[in-house]
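Structure, as C-alpha cells:
We call the chains A, B, C, D and E, going by the order they appear; numbering starts again at 1 in every chain.
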Amino acid sequence: MTFGYILSICTFASIYAILILGLNILTGYTKQVSLGHAAFFAIGAYAQALLVTKAGLTFWSALPLSIVLSMAIGIVMGLPSLRVSDDFLVLTTIGLNFIVMGITEYFDFFGGAMGIIGINVPSFMGHPLGTTGYFVVTLIFLMLAIYISYFFSKTWGRLAMEATGEDEQAAQALGINTALYKIYAFALSSAFTGLAGALWAHSIGSLFPRNFSFEMSVLFLSMLVFGGLGTIRGAIFGAFFLYLLPECFRFIESYRMLVYGALLTVIVILQPNGMLGRGGLLDGCFFKLKKRGTETQGISKMG
Amino acid sequence: MLLQTEEKRNGNPRNIEDGVILSLRGVKKHFGGLKAVDGVDMTLNKTEILGLIGPNGAGKTTLLNTISGLLMPDGGEITFRGISITSLPAFKRAKLGIARTFQIAKPFGLLTVEENILIGLGCKLHGHISSLFQNCRKQEILQKARDIINMIGLYDCKDQPASSLPIGLLRKLEIGRALAANPSLLLLDEPAAGLNNQERNELAGLVRTIREEGISIILIEHSMSFVMNLSDRIVVLHRGRKIAEGSPSDVANDPLVIEVYLGTKGGKYAS
Amino acid sequence: MLLNVQDVEIAYGRIKVLWGISLYVGDSEIVALVGANGAGKSTLIKGIMGLVPLQRGSITFSDHDVSKKPPWEKAKMGIAYIPEGGRVFPDLTVEENLMLTANLRKETLNVKAQLDLIYSLFPVLKERGFQKAGTLSGGERQMLAIGRALMSKPKLLLIDEVSMGLMPKLVTEVFETLKSLKAYGISMLITEQNVPEALAISDRGYVLENGRISLGGQADELLKSERVKTSFLGL
Amino acid sequence: QQTVKIGFITPLTGFAAADGYSSLESAKLAVDYVNEHGGIKGKKLELVSYDDACQPDQASALTKKLIENDKVVVMISGSYSSPSRAAAVICQQAKVPFTSTYAVHPSIVEAGEYCHRIGMAAPIQGRTGGYFAARELAAKRIALLIMNNDFGVSLAEAFKETAIKLGAQIVYEKKYPLGETEFRSYLNAIKAANPDLIYAPGYYNEAANIVSQAREVGLKCWLMGDEGYDSPKFIELAKSAANGVFITTDLNRDSDRPMTQYFLKNYKKRTNIDADMVGASAFDAVMLVSHILNKVGTDANKIIQYWDTIKNFEDCATGPILMFQNRSAIRPMDIQIVLNNKFRYFYRYYEPEVIYLGKGSEGK
Amino acid sequence: MLQLLVDAFVLGCSYALMAVGLNMVYGLLRIIHVAHAALYTLGAYVGLYCLYHLSQSLWLSLTLGAVFPALMGALMYRIIYSPVLSAPRYVALIAGAGVFIASQEFYRLIAGPYPYPFNAQFKFLSISSSHLNVTETQMLIITFMVCAFLCLYLIINNTNLGLMWRACTQDMELAASSGININLIIAINFIIGSALAGSAGVLMALYRNSVFPTMGAMVSYKAFVVVVLGGFGSIPGAAIAGILLALAESLLGMVPFFNLPRDAIAFLVMVLVLMFKPKGLFGR
C-alpha cells in the first residue's frame, strides 16, 4: 500500500487547510483580499525553524512561540491595510511575498540562500513521531483550527469583521472600530497561518526562501475562492481538493499543470461563488454547520 | 437679504440650555477650496425632531458626517450630552449614543437582516477583545433583535441577505440597525427618498414612535410635506451656512428660503 | 406607435421581477410609469433599453423589432436613457459629456445646432462647459443628464426617477423642462415616485405593482382613481 | 520480480523544467544503456520517475510513494537542493540508498549514511575556480557576482576563501536573485572597480545575460563561471560574448573516454539537443547505481557499504569518479573555455589539495 | 552615469509597455489581469517562430508578435473575463492566474523547456562613443515605446475613440446606453493592451536574446508595481512610474552592501509609497 505517501499528502493538505481557515478570516470575513499568505506562511515556518535549530527548543515548546511571533508580525504586516484599500491592498500583499522572500534570502540570520537545515522530527513523550504520528498531530491541529473557526464564526468578532469588510463607514457608525478589527483579522489569520507554517517546517525538515513564492499565495487564494469564500467547509474543501487535484493527475505527468491551470479557470468561471459557496455546485451536499441563511457566503466586491 | 435673516435669528435666541443634547459651534468642513460646511451653529434639544433642509450640495450630508464622526470637522466644536466629541472617531461617538442612517443606503448586503440588526446590538461591545470570544447568538440577544425586526416590520425577511431587499425595506433596516445600537440621538439622511406616499406615512409613524422612546432626531429631507409635518424645528443650510432657523411655518415663509430652495411654489408649504 | 412592449418578462438570476408587461408609447406622448419601491420600474426601463436581457416578450420601436438589440444600437435608432440619480461621466467635461452622444450620429445630425439648442434650454450648462461633470451640483448634473440624452436628437426618452433627491425648486423646474420638450416631438416614458407631479405633465400613465401592470389609462383619470389616490397620494 | 526499480524525482513543470527534462532524458538514456548491456544481473533496470515541480513537499511525498509503492531499491534526485534535501531525509529514515545528481547543498549528504552525491561538491568546485583564477590566471583584482541561492553562494564562499589565500583581492561582491535579467547596473559598478576577473557563479540563463551585458558595457576582463554554465544553451544565448569565458566543470566534451562520447552522441540523437552538465550528472548517477547493483545486489546495507569503497569508476560521462569522500564523488577537476562557440578542454586539476574535501567545515 | 540612465530607461520602457496594458484593462474592467504576462510570452514565442520559420526579418516577427497576442487578448476577454464580470473581482483574478499557469505549461509542452536564442538581424540607429553606448536594440526599444505612448496618448485625449474609451472607464452602462458599442471598445482595449504586451515580449526577447516559458512571470509582477505606483487607470502615470522604478532599482543596485534583491526593493518602494500616497503617485 502507498500508505506513507497518502498520509504524507494528507498531512500537507491538512496543513494547507489550517492555513486556508486562517485566510478565510481575513479574506472571507473581513474582505481584505490577501495575495501574500505565502509570506505569513514563511514567517511561521521560519520562526519555528529558528526556534528549534538555533534556540534549541522542542517542537512543542517552540510552537506556541512561533504562533505568537507570527501573530505579532502579522499585525505589523496588517498595518498597511489601515491606509491602503481595495486593489492597492491586494498589490501590497503581493509585495509582502517578495519582501519576506528577499529578507530571508539576504540575511544570514535567516539562513540566507543556504536555508535552514535540520529541523528535527518532533517527538511526543520521548518518541520521535513517524509519518503516521505526525499526520495525527496535524490532524489534531486541523480539528482544533476547525473548532476555533467554528466557534469564532458565532462571535461578535466575526459579525464585526464582516461588517468592516462590507462597508467601513456603516460599520463605524455602529460602534465598530474598523481599524482594530482589521488588525484582529490579520492577527488571527497570521496565527493560523503561522501554525500551518510551523507544522510545514517540521514535515519538510529544511527551509529555503524560494519555497515561499508568490505562486503559492495565488494557490492559497484560489483554494479559498474555489471552496467558497467565507465558509469553513469551503476553506477545507478547497485546500484538500486543489492540493490533491494535481496529485490525481500524476498519470498525465507533464500535462498535469496545464490541466490544473485550465481546470482552475473553468471552475472559477462556472462557479464564481465557490463549489460550496452559495449556489455552488456542491452547496448542500456536505453537512452544513448552520442552517441556511445564517452562514454567509462571499459574493461581494473585492476589498 | 442674508443680513436680514441673521438679525432675525439672533433676535430670537431660544433659551433651551438645560434640555440640550447636542450643540454645534462654528463647525467647518472644507474640501480643497470648497467650503462644504462653513461655520454652522446649531443646538438640538432632548426628544426634539430637527429638520435640516437646503438646496442640493448645501452641505447637509457633510454636516451630518461631521456630527457622526465620519468626517472630522476642520474647525468648530461639537458637544454631545455635555461631552466635547469634536475629535472623537465615529465608532466612539456611536458608543456614546449617536446613530445614523445613510443617504445612499449602506446595508451589510451579504449578512441577513437579523445579522444586520445584531451588529447594531453589539455596538457597546465591539472593539473589546472579548468580542472575539463572546457568542452573539444567545437567546436573549436574538430575542432583542427579533423585537426590533418586528418593530420595523421586517420579520418576514429576517433570514434574507440584506442585499435582496428593495430600497424601501432597506431604509427601514437601516433605521432598525441604528436603533439597535441604543442611541440617544438618531441622524436620518433622506430616509424618505425613493419612498411613495403610503410608505412615507408609515415611516413618519415610525419616526414618531422613536421620538416617543426619548430619542432626539435630526432629519434631512427634500420631501417638504414629510419634513414639515414631522419636525419641531427646522434649520436651513445654503452653501455651508445656516440661512434660516425656526418653526416649519416660519421657515416656509422665509423669502430667502423660498428663493434658494422652495422655489415659487414654496408658499404652499407655509400652512 | 413609437414603442410597443409586448408581454415582457425579466428576471435577475432566478428571481423573476417582471411578469407579462405590455405597454405602448405613442408619438409625442409623455407616459408615466408609477409604482411602489421595487415594483420593477427601473428594471423595465433598463429592459427596454437593453441593459438587462428579456426572458420573454418583444419590444418594437418604430415598427422594428428591437428585443434582442444591444443598447448602443437602440441608442442609434433614437432611444435615449436617463438613469436614476443623474448619472453622468464624472471625469469628462460638461461639453465632452454632451459631444459624446452627438458624435456617434455626426452624419445625420447638425451637432452644432443641437449643442446650441441644449445650451439654450439649460444656460447653466454653457457656463460650466469646461468643468468636469463630477464637480457639478446635484441639480446641474440632472440637467446635464437630460441634455446628454437630448444631444442625439432622440425620438424617445426613457427617464428613471428624474426628481429623486432634487430640492423642491429644481423638481418644478425639471418637470417644466420635460414638458416643454414635447414641443420638439420627443416622446417620453418616465418613472416617478412623485406621482401627482408626474401625472400632471403626462398624457397617459401605467401603475406597476409587484412586477405587473395593474392599471393604465389617461393621466387625469388615473389621478382620480381610488387605487392611485390611496396608495400613492396618501389621501 | 522481473525488474529492478530505481526511483527518480525531477522537476518537469515550473521554472526548473529545463533541468528536469535534461536529467530525466539522460537518466533514461543510461537505463537503456544498462539494459542493452545485460541489465542488473539479468533483470531489467526500470526507472520510475515523478515530477516534483521543484517543491520540497511534493518531493518528500513522492519519495515515500517511490519507496513504498514502487519499491525502488535506490532513489536518485534529479532536482534542486531544496527538494533533494527533503527526499534525502525520507530516504535516510526509510534506509533506502539515495543520491543527488547536480544539487550541491552540503546538507544533502549530511542527512545520513544512506545519502550520496554524484555531482561536484560546491567547496571543491569553488576552490578549483579560486585556484585557477588566482594561481593560473594570476588575477589580482577579482569581482564576484553571485547568484543568490545555495549553489551560487556556496561556490562563491569557497572561491573567495581560496582566492584570498592565494593573494587576490575581492574588489566587488554582489548577489543577484535567480531569474534576474538586467545586470547592467552591477556591471557598470564592476567596471568602475576595474577587476582582472569576474567570477559569477550561477546558471546559464542568468549567466548568458551577465556575459553578454558585460561585453556590452565594455568590460574586457576575464570572466569565469561554473558547471551551471555548462550547457550549449549558454553559448546560444550569449552568442559571441561567450567566447573566452572559463568554467569549472566535470563534463569534458573533448575527452575521448568512450562513455563520455557515448553520452554526448546518444543524448543528441535522443533529444535533438546538445547535452549539458545536468544531464551528465543524472546519466552518471544511473550508471553508478547500476554498477553497484550489479556488484552487490539490492540489499541497502551492502549497497552503501560498497558505495563508499568505489575507486576509479570509469563508466561515466563526466571525468572518472576517483572515489567517494564523505559520500561525495571526487574526480579530477576540469577547466574549460568557450572558443569558437564551443566548450573546449583547457586545464585539469589532479592535486589533492584542490580536488579532495578538506578536513575543515567543508568536509561535511 | 549617463549610460546608467539610458540603461535604466530601456528597462523602464519594458516595464511601462507591460504596465500600460494592465492599466488599460484595469481602467475599463477593474480586473487585475494576471494573464497579461501570458501574452507577453506569447508575443516572444510567436516572434521566435517567425524568425525561425517564416522570415529573417525582425519587423515581421515584431508585427506578428503583436498581432497574435492582440487577437488572443481579445479572445481571452470573451472566454475568460466576460463571464465573470459581474462576479466578485478576485474571481477574475484567479481565472486569470489559472490561464497564466496553464499557458506557461502550454508553451513548455509546445516549445520545450529550454530557452531559445532570439537571433534577429536588423539595422537601426545606434550610438557608440566613449561616454555613451546605446545599442541598436536599445534604440529600437526606446523608439518603440516613445511612439507607442505618444500614439496612445493622442488617441485617448484627442480622438472620438479615446473619448468613448474614457466614457467607458467611468460608467459602462451609461456608455452603452449613450450609443457606444462597449463590446467593441473593450475588444479594442484588449487588442491594444495585448499588442503592446506582445511587442514588449518580442523586444525583450531580442534584448535578452532568450525566450523561455516562464519569462513572463517576473515582468508581470514588476508591471503590477508600476501600475500601483503610477495609479490605477492612469496611462501617463504608468509610463513615468515604469521609468522611475527602473531608475530606482538601478541606482539602489549600485549601492554597495545593499543586497536586497531588485524585486524586494521594487515592492518595498511600492509599499512605502502607498503608505504615504494610498492611491499611488499619480492616482486620482
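Definition applied: a residue touches a chain if its C-beta (ideal position, glycine included) is under 8 Å from a C-beta of that chain, and two chains touch if they have at least 3 such contacts.
All values reported here derive from a predicted model rather than from experimental measurement.
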Fewest hops from chain A to chain C - one hop per pair of touching chains: 2
Count of contact steps on the shortest path from chain C to chain D: 2
Co-neighbours of chain E and chain C - touch as defined: none
Relative to chain B, chain with the most remote C-alpha centre: D
Pair exhibiting more inter-chain C-beta contacts, A-B or A-D: A-B
Where chain D and chain E are represented by their mean Cα positions, the distance between them in whole Å: 36
Approximate Å spacing (C-alpha centroids) for the pair chain B, chain D: 74
Inter-chain centre distance, chain B versus chain E - centres from mean C-alpha coordinates, in Å: 49
Cα-centroid distance, chain A relative to chain E, in whole angstrom: 31
Of all residues in chain D, the ones touching two or more other chains: 13-14, 148, 175, 177
In chain E, residues with contacts to at least two other chains: 105, 108, 259, 261, 263
Set of all touching chain pairs, with the criterion as stated earlier: A-B, A-D, A-E, B-C, C-E, D-E
Complex contact set, residues of chain D against chain E: 13-15, 17-18, 20-21, 148, 172, 174-177, 179-182, 184-186, 188-189, 205, 208-209, 212, 216-218, 233, 236-239, 273
Parts of chain A lying in touch with chain E, wherever the complex brings them together: 33, 80, 83-85, 87-88, 90-92, 94-96, 98-99, 101-103, 105-106, 214-215, 218, 221-222, 225-226, 229, 254-255, 257-266, 268-269, 272-273, 298-302
Residues of chain A that touch chain D when the two form their complex: 1-5, 8-9, 12, 102, 105-106, 112-115, 117-118, 131, 200, 203-206, 208, 210-211, 247, 250, 253-254, 256-257
Complex interface listing, chain D residues touching chain A: 12-14, 50-51, 53, 55-57, 60-62, 64-65, 67-69, 81-82, 85-86, 89, 105, 107, 110, 148-150, 152-154, 175, 177-178
For the chain E and chain D complex, residues of the former touching the latter: 3-4, 7-8, 11, 105, 108, 112-117, 119, 133, 135, 208-210, 212-214, 217-218, 249-251, 253-254, 256, 259, 261-263
